[in-house]
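Next, two complexes with subunit A in common: one pairs it with subunit B, the other with subunit C.
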Partner chain A sequence: MSALDVGAYSPREKGVAGLLGALAAFLLLAVVTGFLAPAYLLYLVGLSAMYMLLSMGLNVQWGYGGMINFSVAAFFGLGAYGTALLTASGSPISGGVSPVIALFGGLGLAAVLAVIIGYPTLKLRDDYLAIASLGLAEVVRIFILNESQWTAGSAGLTGIPLFFSDWPVLGDLTYPYIFYVGGTPLFNMSQSVVTSALNVVLVTAIVAAVYLFLRRIHQSPWGRVLRTIRTDEDLAETLGKNTFAFKMQAFVIGSLIMALAGVFYSHLVLFVSPQDLQPITTFYVWVAVILGGTGSDRGAMLGGFTIVAIQQGTRFLTDTGALPIGAAPLRLMLVGLLIIFIVRLRPEGILPPERELIWPDSLGGGRDE
Partner chain B sequence: MAQILQYLANGLVFSSIIILGSIGLSLVYSIADFANFAHGDTMTLGAYGAFVAFGVFGGLGGTVLGLPIGFFLALAVGMALAAVVAVLTHILVYKPLDTDSIGLLITSIGVAFVYRAVLQASFGTDFLQYDIRRSGPIPVLLDTLDVAVTQRDVAIIVSAAVLVAGLHLLLQRTTLGRKMRATADNPDLARVSGIRTDRVILVMWVVGSALAAAGGVFLALYSQLDPRIGFNILLVVFAAVILGGIGSVYGAMLGGLLIGMLHELTPLLGDIGLPISNAYAPAVAFVIMVAVLLVRPRGIAGDMT
Partner chain C sequence: MSEQSLVSDGPVLGKEDPVLRAEGLEKRFGGLVATDDASIEVERGTITGLIGPNGAGKSTLFNLVSGFYEPDAGSVAVNGVDVTGQKPHQIADQGMIRTFQTPRKPEGMTVREALLVGPHNQTGESIIPLFTSPDTVEQEERRSLEQAQQMLERFEIGDLATQPATDLSGGQMKLVELARGMMAEPDLLLLDEPVAGVNPVLADKLAGFIEELNEEGITFLIIEHDMNFIMRLADPIIVLNQGSVLVEGPPEAVRSDERVIDAYLGGPSE
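For the complex of A and B:
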């Protein structure tokens, strides 16, 4: 992850990297000593990466373009439902389609919704956009909850296959899978470890690709126009830019990234339900983005990581029974306080965009960021 | 026909609740200038405050419209609690912030979560009920109009009407009300005219939150009480405020009436054969809201204050 390449960076960046490194070391220690199942750790890594994707998607809309999108959960949910409806054995409409093809089903649904939500709302004032997008996201959730002939309703969809289930080699591994190095068996891996590891590989590839793609477009003339729109939309109009078109493009790109996260989620958890579309999902992602730093993709990654830490940390703390408060309210409280304190104390986030906005060449040494 | 009358009667009760909620939201929008996402949870807070107080005063005195006198005392406690919490939130959270209306909007989501977390931690997520016996429909109305309206429904409508009338008198007949209207209209002009706008803003939080709390109490009385009732209804209240015209208190009342009615008239769509079930009532309200934003963002009451 980019948060880890320590070079000539500010003390804060080094601090964040050090903290993440320490946490990684702690988690590895927990696995080695047997406190934490390896498959579970890999699952957590996958989940963090999923939140990173969601945060990067929102970052395109809010961070680059200044659009307050409160319908993150809807795009995430449509990505998840799109692929689940096509692949799951429990799907009421289709099922059995290869996940690689179904992926595009999820993305397609999200793109259509992005245009439907974006077309009327992107012309609105910022705060109206927030209210309207939250309302439309609720319409999507209510639809999925009630049209059970298509979506299985509140029961949710089960029987979703793994992403690699029908791949030539990866689909027909036998378990326990024994990993040989030079003829000697080195690791004896159970099915859960192998599938979790494959998921991590998959999501790492997606995150890396999205990150590079976003960095490229952010630095392009297109990204520059978008940043102008965020700062002063009238100015951009005066310069002859069709601001609505730019905002629409950013909205669709961001929504597709969120849907990608949803597709991955489906094949990670193997179950989706309307619960996943609750507004709280949207606000988790918002916390991730403003905590990491609005407009900063590295910040979005840090934010995604923090969300999983909150979700799992609260579960762990309440499991020990040391707290007089349930996991759900504790999580809600932490998220709420985080929002209040970030806006109060560090409105620019922990890793605000700095070098990200400058071409590497113009930094002098030509060093790649 | 009787069916439509029944929907309208339900709509009147639901409208009363939405109106109480939308007034406060509109006041905050016009005077503090942000979309307050914690408003729904302020309603919930008031409902729980009244729930606890009702446990104390419950048995008190006779009954008015089928509700014990103790209930109205509990209602007052709930309203006072919400007002105190809102003022404290304003002083501790919103006021020290050096940010724009979007920053305030995002902060208010955090505030909403904190309120809800406290309620959820103290009372759990189970449905609660005020311990008041439900009575059947009023016989006269059932016989003559074939409409089922309970005493409780009438009590909600009457109480809301009293509160709204009180607000109207406050706004129109008192100096404080004139100051509030002036501040909502143009805060800078109000300040240079010698109005202490800081105090007016505090009053606005007190009035808005107390009315919201009353709405929350009646909502809990009408259906049931759980930590999500306020947030679940928040978007419907936003729809009412936007339909009425942001910043206009009277517009918010009108918007609340219309949205509440439309919400309860949704089954009519199913009755005439459209595949839209009752569950889509909030969705209908949201779609109307988006349509209003597109066609007439100033709302029906425009800039009237």
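For the complex of A and C:
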């Protein structure tokens, strides 16, 4: 029963971990040899983490409960705009609010939108949410584009502070920040490296917290009911489960995680515009979830990471001049090929869910293991 | 014939302690009348059979009383509580659990996992207690796991507990459905063709299990086309024809009733 052991790692997971380890080693080597700027590597880590959050959010909706949400970009965008409108110096509304408080502004917007779209559609069959959400993302984007008196329109919002900008110590670092060992400067860290490193710390904490939160709610009676709803909503109803309530909870939680990614994005890139709400983001996140293994939190994280690897890896290829043409146009083709391979070879994704949704501690009796 | 007199014309109503009482249920799909003034009562402690020719409205009646269809007219009460127009999950909460004609396969779940969905109002089904009182969740979960294992062993499929629920034979699937229904601790179990596609040996076993559970106080309402199975098990038997109750009575009497034979053969002879 090793596959069912909670917390144990399957050979597949070990393989993936090995690959990721090798990639990390390679990237570190690239940094040490000066091939890759440290600040850029840290930026990439931040971007991967952001996609991991988006994928985990969609996984709660689609992977846990089978809800088809085509407006990932909208929830991401609301998170990004929510915090930006409150904190940015270029904000037409307020600006200057501490990012720690503004965070809740972004989350609040996303939660309200999730309830507004979820209430009428989640009572109906899955398809209706899909249809409604398809339009929703564009409605939100075009609203932001046109209502420039509130959102600065196509110009976008500039002057977004760093997340740590008003924190004691972290906000007051002076640059360059030189790290001495025995009188000789060891690291000469420029501002970009320090802020990128802080962003990585921040997003790692967020990803870890979200992952732990999700693991707990997934491997529980709650997650089990959602898994039942996913395969057969009628069945869950006959067993006395209020499927609407369960779906609504999962939908809002998923949307909040997406908004969290948006909040982080704002404070990473320090600029948001309606461009960031393009439907392509939704598409990438869907690919990430399916690629990683629908229904698996780890799979979603791996999928999110893979998407960034493809996006940025192709840029890398262009820079090395290894290809006669720019690699950017190959990006979508690569993604397409990857999907075909996955569907052909591993329809359940790279890391499909392998665990029973049973409260882990209650299996500790040793009877079934 | 003295047996004929045992068979009532139409449903027997005004039973002493009905778990389920449906009155004057009517459901139309466009111009088609699926059930027309259908009334039934299921007395507590019985195994009540529901038979009738194809298209008589048996499954529609199930869907009406379990809340999957909203009736155009009529009312449904479970344990004396009016549940007309309520959602299926609210009706299930009143103590009536149903199964489906084609077994519902919970994909990606093991058998015991599927069973654990059964119990009502688990603490761990709300998100906050997962963080504030994990101990309660753990205890409940342990209890449910034990109960699930016992239930599976009782139905002689204890070895299937950690198998994927989709890898079962049709008969085993029916047993799992029954076990899952029992996990919800119902007063009344509605079974829709429990032995359709099940081999005779397993069908026999299933009948035995149903009788056992009935002796322990579970009331059953069973739709079944297998006459041997239903006649052996159920008393009374309600015969549905053209959307309403034709007759109701004990199995031997119903079996030889002229009206029932006519209904099955299609229209009154003579």
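Note that in this section the second predicted complex is superposed on the first by the 320 of 369 C-alpha atoms of A that agree within 3 Å, B and C clash if a C-alpha of one lies under 4 Å from a C-alpha of the other, contacts with A are read in each partner's own complex, and residues count from 1 in each chain.
Following the convention adopted for this analysis, a contact is a pair of C-beta atoms (placed from the backbone, for glycine too) under 8 Å apart; a residue touches a chain by one contact, two chains touch by 3 or more.
Because the structure is predicted, anything quoted here is derived from the model rather than measured.
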Partner chain in contact with A:Asp166 - subunit B first, subunit C second, else both or neither: neither
Subunit B versus subunit C as contact partner of A:Thr238, first or second or both or neither: second
Contacts of A:Trp286 with subunit B and subunit C, given as first, second, both or neither: first
Touched partner set for A:Thr121, first subunit B, second subunit C, both or neither: first
Touching partner for A:Val343 - first (subunit B), second (subunit C), both, neither: first
Which superposed partner A:Trp222 touches (first subunit B, second subunit C, both, neither): second
First, second, both or neither for A:Gly295, with subunit B first and subunit C second: second
Intersection of subunit A interface sets (partners subunit B, subunit C): none
Contacting residues of subunit A [partner subunit B, same complex]: 68, 120-121, 123-128, 130-132, 134-136, 138-139, 142-143, 145-146, 279, 283, 286, 290, 325-326, 328-330, 332-333, 335-340, 343-344, 347
Footprint of subunit A on subunit B - complex, ascending: 34-35, 93, 96-97, 99, 101-103, 105-107, 109-114, 116-118, 120-121, 124-125, 231, 235, 238-239, 242, 277, 279-280, 282-283, 286-287, 289-290, 293-294, 297
Of subunit A, residues touching subunit C in the complex: 1, 4, 216-217, 220-222, 224-225, 227-228, 230-232, 234-243, 246, 249, 253, 295, 353, 356-359, 361-363, 365, 367-368
Contact footprint of subunit A on subunit C as seen in their complex: 66-68, 87-89, 92-93, 97-100, 104-110, 112-114, 116-118, 120-127, 130-131, 134, 137-142, 145, 149, 161-162, 180, 184
